[in-house]
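Labels for the chains are A, B, C, D and E, by order of writing; each one numbers its residues from 1.
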Amino acid sequence: MSIQWYLLVSALVFCIGAGGILVRRSPLVILLCLELMLNAGNLALVAFSRAHGNQDGQIFAIIVMVVAACEVAVGLGLIVAIYRRNLPVDVDELRELQG
Amino acid sequence: MSLQTLGWLILAFPLAGATIIGLTFKALPDKIHGAIGTLAITLAFVCSVLALLKLTDRPQDAREVVAHGWDYASSVGVDAELSLLIDPLSLMMCLIVSGVSALIHLYSTGYMASDRGYARFFAYLNFFVFSMLLLVLAGNFLVLIVGWAFVGAASYLLISFWYRRTTATRAGIKAFVINVVGDVGLVLGTYFIFKHTRSLDFLTTFDRVDDVFTRNQADLVAGCVLLLVGAFAKSAQVPFHTWLPDAMEGPTPVSALIHAATMVTAGVYLIARMHPLYEQAPAAADVGSVIGCATLLIAATIGLVVTDLKRVIAYSTMSQIGYMIMGVSSAAYAAGMFHLATHAFFKALLFMAAGSVISAMANLQDLDRMGGFRKALPFTYGCFIVGGLALAGVFPFSGLFSKDEILSIEFDRGGWYVVLGVLGYLGAFLTAIYTFRMIFRAFHGDPVPEAQELIDGHLHHGDPVNPATGEPEDTEVGFPGPDHHIAERAPGMKGAMAVLAVGATGLGALQIPGVTDVVHSFLEPTFEDSSLYASLEPSAAASWIGLIAGTLIGLAGIALAYRLWVQQPAAPAGLQARFAALHRFFVNKWYFDELIDAVIVRPFAWFGRFARNTFERLIVDGAIVGGTSSVVRAGSAAVRAVQSGFLRAYAALLLLGLAGLVLYFLLSSS
Amino acid sequence: MTIHLSILLFAPLAFAAIGAVLPHRLAPVAGLIGTLVSAFFGIALLFGFDASQPGLQYVTDDQWITALGIRYKLGVDGLSVWLVGLTTVVFAASALWILVRPVPRARGFVFLMAVAEAAVLGAFCAQDLGLFVLCFDLMLVPFLFLMLGWGGPRRRPATIKMMVYTLVGSLLMLAAAVATAVLSADDAGGSLTFVLSDLGKVTLSTGTQRLIFVAFALAFLIKMPAFLLQGWMPDAYGQMPLPALAVFSAVLSKVAAYGFLRIVLPLFPDATVDFQAIIQILSVVGIVYGSAMAFTQTNLRLILGYSSLAQLSFITLGIFSLQPQGVQGAILQAVTHGLVVAPLFFVVALVAERADGSEDVRHLGGMAVRGPVMATLFVVLAFATLAIPGSANFAGEFYVLLGTFKDSVALACVAFLGVVMASVYMLRAYIRTVHNRVGHEVHGSELSLRDAAVLVPLVAAVLAFGLYPQGALSAGEQSVTGAASTLARVNAAGANGAEAQVTP
Amino acid sequence: MIDLVLAQASAAKAPQIDWAAISPLVALAAGAVVVLMLGLARSRVARTVVVPGATVVAFLAAIGLCVWQWGEAPTSVVSGALRVDDLSLGLTVLICAGGIGAVAMSVGSVTTEDAGHGEYHALLLASAMGMVVLAGAEDLVALFLGFELLSIPLYVLCASEMRRATSLESGLKYLIVGSVGSAVLLYGLALIYGATGTTGYHAIDAAIEVSGFSSDVLLLTGVGLAMTGLAFKASVAPFHQWTPDVYEGAPTAITGFMAVATKAAAFGVILRLFDVALISTATTWAPIMAALATITIIVGNVGALGQSSVKRMLAYSSVAQAGYLLAGVVVTTQLGISATAFYLAAYLLMNVAAFAVLAARERELGHGEGDTLTALNGLGAQRPVLGWSISIAMLALAGFPATAGFFGKIYLIQASVDNGYAWLAVVIVLGSAMSLAYYLRVISAVWAGGEDRDATSVRATTPSGQPVMAGGAPEADEAPAARSVLATRDGDEPGEAGRRAPAAGLGHPLAVGTALVCTLATVGFGLFPQPLFDVAQDAGRAFASLL
Amino acid sequence: MAEVVFFIAAIGAIAGAAGTVALRNPFFSVLALVGHLLSLAALFLLLRAEFVAAAQVVVYAGAVMVLYVFVAAYVGGQDEALHSAPGPGLRITSAIFAGALLVELCIAILGTGLSALDGDGAGFFRAFGSPGEIGKLLLTDYLLAFEVASFLLLVAAVGAVILARRREGLEPAGTISVGDLFSRQDDVGVGGEPEGSMLEAEAGQGEVRR
């Protein structure tokens, strides 16, 4: 299988994730879409790693997983905090700050 | 004492007088200020006389002496030092200025006695004399301009001496601004000449004129015409004359000194001084002749109908200066200067006498309100008659000799100058009429209440009222008190008037055709470079014919006036009705004020309003400031609108930017 | 190597710093001492100046910012020595003013004025482009605070307008200055330097010169202000506290004019010639326009403001005649205008004090009755402002217009309109203030001795200067001749170039 | 903990570790752990005084270690992951200085109390550590990690003033937009890795050189994506939109920290990535970056006009400043790097001063009140020190002379002109001119702001600046309009805050002191900038390959 | 064989991604993402990244997703309308942006001159991608990354604690219960309303929970 196929999948997933961020209002789902984007990056990294035959990309991918996990932890924590404050869990409602 | 030192002293005394009075005006009593002022001018006169003696000691060809002071503003090719030129012309002017001024100071000590601005008046007056002497003694263009402007400033200060009258301040600013126009003409004319001669010094300039200029060269003509503008503005020639009648708002001694005897004749002096230029630029000189002639007629016609006592004299001044300008522009230098001298005497005398009347009338100047002062003010009446005869040009009074010399030179030059001469005689006829109209209306007929009171020994009158506006005068500062200041009761005034009357009568003796030739020969050194000076010498016979004709014309005018205003007092009204349009034209002063208003003042006022209301608001504040700031503000609004607070919109913009950025990189890849 | 100029610069600042820790009452004393020290040095400089030498004198040259090639190089020559003198005198007068008429929160006021003085003197003495630009921008800062802290009721918008306006130009100039240095260094292949004498050795390409010229000209013309760029002036003049406004109008605008002479003419001669006509026309229009505006204003400050606009246009006109006479006149005019306008603003303060704070001529009048001395001083200043012959202002105008006349007769003739109009607006202001009927709210009184202490020396200086303007002219002669010969060369080259283009 | 792991690692294969070189990093990490522990102490003094103290000590230690290594030959450490040269050391100093400023501003604030002192300061240190990694990163993996280590604590810190809805909102916005940025960056790095087959900067550079791939579409797309991600962090328009919202919503101390330290780190990494790894593609990316700089300058300055919140205004201003700084990157010369470094230092001083004043004012008026323009009314008369500080800070930001900002701008202009970007210099100055309009608004409020009711009432009720919150006086007096925008949703805030008010006792003077120190330094470097220039030039020489 | 697996996995990944975005209930979105992650793990295996694939399954699809499930349950997995406030325009624009980006990326991937991408990949050694190899790299070349990543985890933990910690007076007493997963919570999303009504809602919520 040509590596390019993997990359095309990765690009597609990346764009789906990006589009998802734009259309969804729930911060939770937006976080999921972010995961999609990061995973698209991971797929690209692993594919390139395979293409070049060095494992740097794989290491990178693992690091990205760690990062994704951290982002999730903090993001979910924020969502919980927002929910606890009885603020709307909806990014469109959070627009006290603007201008 | 050298001539140079005397020259400086002539300047120093009036300046010192002004300074001392200015600095001590609170410390010393008023009377002393009058004395200081008069003394300072008298000393200047004495110095002038001493200088005259020194100068006449010198040989004919060494009578042009330059006194160098210090470098005033010399740099990068401009030679502007403080230098005086003492020659017969300037010395003659010095004598006239300081002599007449001394007398007027003396007169003022009486006339202004109860004015609260007494000290201020003398300070101004001394400053004026200093300026005038600086003007006439100037050795180069820059000093001339300085003196020129200083007399303008002094004139302004004195015209608006009673500064709480709005009429006075308005007249002051008018006079000053027109004088500044003259200054500008002078400066610009100087530039034209300096451009070629590369020197501001008079003697150097005159030396170089023939070398650097061809006859009637454009730059020279332009320069000379511009100098004429300066002369016209200062000497109240058409169309720069409108300030002079208004200047009568000043105290009467001011009118006598500045607006009759000295300052207004500066233009005549200027043309005489610049004669080498004008002889090289006859086109410009002709402009002077024509304007002078026009002025003398225009002023005379207005003088016929004006009812303000002082303004009649003022218009007569304009008219007489018209003669002088016409004369010096037509190379009748000595005659013009001689007329300047005689005019100084008889015109100052007339003004002083008028002052006496006006004081008696509690500052009312309207001829319609006057009459019958002959008995109340006999001495004043006598002075008026002497001055009037001199002005009308009746033998043997001085005015006849000087005026007719001018006219006979016009005839002598021939060509179209003859027209000028004829018109001059027409002017003389009119002069005689309006002069005696004034005298008859003021002194003859039934005494008005004021005259009657004076005859009865009443010495005070009520609160003064501004005749122009009718509002009560503010006498707190700088206005005559309730006392009458008439020549009959003030020895100082009387003395000054007597001296002037003698001069007005006898000064003609200096230039009796075929008999004496004092002025002409005295001025010769100044005009030795003139080709016309010596050649234009009408024969004694021709001159005598002129004199006789002049006298006859004068007498005819007086007779007509007597007939109209004494014998048939109803006649003038009939004439007025018959020539209503002409009368209105004259009464409105040929509409010069209106013309200037429409051509110059209104456009500028409009421009000012346009600048303030439209340009400043729309362009400077609107387009430049407002335009920029509204663009920026619109941008700000746009940026803030995009900053909507919607998280997803932010992400969208981020992706848009990303897409754009990647697109750029795609396009620039190989 | 001397330290005279450094003392000149920093004495006021040092004393004001001392004053800043003293009680409010004593701060003005410290400020006055500082400015007097400076004024002493400034006047000593005038007498010690050797007018026969063309070059710089009292040079201080020290390393400052080696990374940028900016040196602490000070020096005076004929172009600047009298302006330095003027600055010190005007600031000293202002300091005295603050002492005799205490302002609230005097410490701050005094200190800010001292900063302003240091900056202005720095700009006049700077022989390094970087230092000049720095001082040029810096001198606005104190006025920002002076306006905000002590200004009139509508000071906020006025301040912002003024600062934004003037700094648009200044910042462009900053960029242009850096570009000048960098490009000169590129051309010369040497290391980066901002020292003027080094920059003067390199001539940039004409295209570059033009761009840089525009930036510099914009900065200077805004600061003056010149016609079309005066939008900030009415508001700022209306709101600035008077002691500050006096020095602002007297001195700061001159820095801009001086900048043309010091920076633009020598460094960008080709561009100067190219833009000569535009700036001349702008100046002439400015003269007429400023005069007309001055005539229509009723607020005394604005009359003076627009009159300054016209006067500054005269100065610009003189400079851009590119004739030695015009340049000489511009320098003289700069000094004399500064010397006259500062006391005039003091007079405005005195007048306002006697009319319940009103500075509107419609409410004034008749003040000469109770205050003849004040009126006399005013009339001297008024006549000097309208450049009556015999005043040094006239000598300046005479030279300016002579230079212009040599360059273009038509422009000179139009410029003369300004001379006439000056007499109209100045006398109008004078008459409506001290003459005519007494205004309703006017309670006139004579000049007090302490006010006289401020005003009389300045008026005396005006008179003395009128008697002997030669001093300033002599000082400038060598420098001007040098500058003019450069321009003459360029002019000639331009003419030849034009001919060369025509012949083939 | 780390030491232990490292010990094991060295036992495994013993990669060369230059301990001295990474010592600042270690200091920060150790500081974070220690502070976290200290935060658990029961004693209130330990938490409120010792914890910030220890944080400052950690920052100071890092600074000291940087200074200690200053001027040594540049080395790559930990298997080429980090570069230690004068640029990275200098940026580390800046970051740590910013950290100290943030600590000083936050002492005794509600935020620290809410977040927990230990946690708050540990996160601060961790974020600083991320920045230090980022500034020195010479490897794509290290870059990405540094990026995240910088960001994640900041997401939390922004939201840490949880009683304010806006704080949470800012945290969430930052997190989401920031994560999008991270993902884009990651994808870009992946493509770069894909195109070159390596993650080390020098290796990437060499690979591009060798393969001649400098205009390959894959690589350039990767560059574009990476540029976006980094531009996002540096608040470059059009990726700036998070900045105003987050800056306004975040606690003031954190905003200040973000403004100065994040910017330093972001520009550190941009300089290093583009001027080292991607230098051979410079002809491609420099023009677009110049265009971005222009857009950023315009958008930032235009946006800042008319803002009523000073923090928001400063946010836009920081966007504009990012544009100026970008000019230093665009020119790809050592001079440009020096200029960027210089400007970053100046920017730090002036911004910390400004934010410290805001923080101090907030103590007096309460959050949401302290940062509005009206809250600054009459500050100059009431608190001259604060008034002067913020005035000078604003002047410096606007580039007035006799402040460090002036020379910063000169230096940037010089760098631009020097390498043929004169038009960019013009854009910079025009932007500065525009910026005056809003900087001066602040100054005019400070000195001429209405002698109106609320300002004087504050003066009257709070001689020491403390009990306002408790008394609720400003709340009661405040015009409704002034607080409507930023009012919290919590009705009980004043009381809550009042309970904690005594803690503000220490904080206020510290904030004032910070403002004062930074102001003095701003002016000092404005008069005698040479030392700073020397340092900046050292930093510029870090990239020996550049001109 | 590899092709078949690839296509299945790729379709699974894409479908999972699409599902994540398109499903209206966040809870289902999470599940779709888990599917996506598992498909990715398969792709990783095809790419010889054993360790990464394992980590993907264990850490990502396992541990991390559980967090999501919990939070989704806690804050409520309510449905949401896909079209909302910023207007329908945003949806279209976002589709266009995403599409444009996709096209660009595809051009980049297909247009590159990089030969390595055309084939199945470079030659590799046996242990390529094995835990041992990865571990060695992590402790040598990527030691710093490893350390920093570990620190990052610590930081994230601390951060999560700060954010999620319950504070006095800040939020109403409430507990997480299994019931939360199924109860519809109407009371969220009222932040846009005025304060008064919000306080009421808060009170009401407290009652419900009790």
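Note that in this section a residue touches a chain if its C-beta (ideal position, glycine included) is under 8 Å from a C-beta of that chain, and two chains touch if they have at least 3 such contacts.
Bear in mind that the values here come from a model prediction, so they are computed numbers and not experimental data.
Common neighbours of chain A and chain B (chains touching each): D, E. Among the chains in view, C has its Cα centre nearest the centre of the complete protein Cα set. On a Cα centroid basis, the chain most remote from chain E in this structure is B.
Ranked by distance of CA centroids from chain A, the top chain is B.
Looking at which of B-C and A-E shares more C-beta pairs in contact, the answer is the pair A-E. Between chain B and chain D the centroid-to-centroid distance comes to 77 Å (mean Cα coordinates, whole Å). Centroid to centroid, with C-alpha atoms defining each point, chain D and chain E lie 29 Å apart.
Chain B and chain E have centres, each the mean of its CA atoms, that are 99 Å apart. Chain A and chain D have CA centres that are 25 Å apart. Shown for chain B are the residues in touch with two or more other chains, namely 640, 643-649, 651-652, 655-656, 658, 662, 666, 669. In chain C, no residue touches two or more other chains.
Taken residue by residue, chain D touches two or more other chains at 141, 145, 148, 152, 155-156, 159, 162, 165, 171-173, 176, 180, 184, 191, 194, 197, 216-217, 220-221, 244-245, 437, 489, whereas all remaining positions touch fewer. Interchain contacts (touch definition given at top) occur between A-B, A-D, A-E, B-C, B-D, B-E, C-D, D-E.
The touching residues of chain D, counted against chain C in their complex, run 338, 380, 391, 395, 398-402, 406-407, 409-411, 413-414, 417-418, 422, 425-426, 428-430, 432-433, 436-437, 440-441, 443-449, 529-530, 533-534, 536-537.
Chain contact summary for the complex, chain D toward chain E: residues 2, 5-6, 8-9, 12-13, 15, 17, 29, 32, 36, 78-82, 114-116, 119-120, 122-123, 126, 129-130, 133, 139, 141-142, 145-146, 148-149, 152-153, 155-156, 159-160, 162-163, 165, 171, 191, 194-195, 197, 213, 216-222, 489, 491-492, 496.
Against chain D, the residues of chain C that register as touching in their complex are 64-68, 130, 133-135, 137-138, 140-141, 144-145, 147-149, 151, 155-156, 159-160, 163-164, 167-168, 171-172, 174-175, 178-179, 181-183, 186, 192.
Residues of chain C touching chain B in their complex: 161, 165, 228-232, 234, 288-289, 292-293, 295-297, 324-325, 328, 366, 368-369, 372, 376, 379, 383, 386, 388-390, 394-395, 398-399, 401-402, 405-406, 412-413, 416, 419-421, 423-424, 427-428, 431, 434-438, 468-470, 473-474, 476-477, 480-481, 484.
By the touch rule above, chain A contacts chain E in their complex via residues 1-9, 11-20, 22-26, 28-29, 31-33, 35-36, 39, 42-43, 46-47, 49-53, 55-56, 58-59, 61-63, 65-74, 76-81, 83-90, 92-94.
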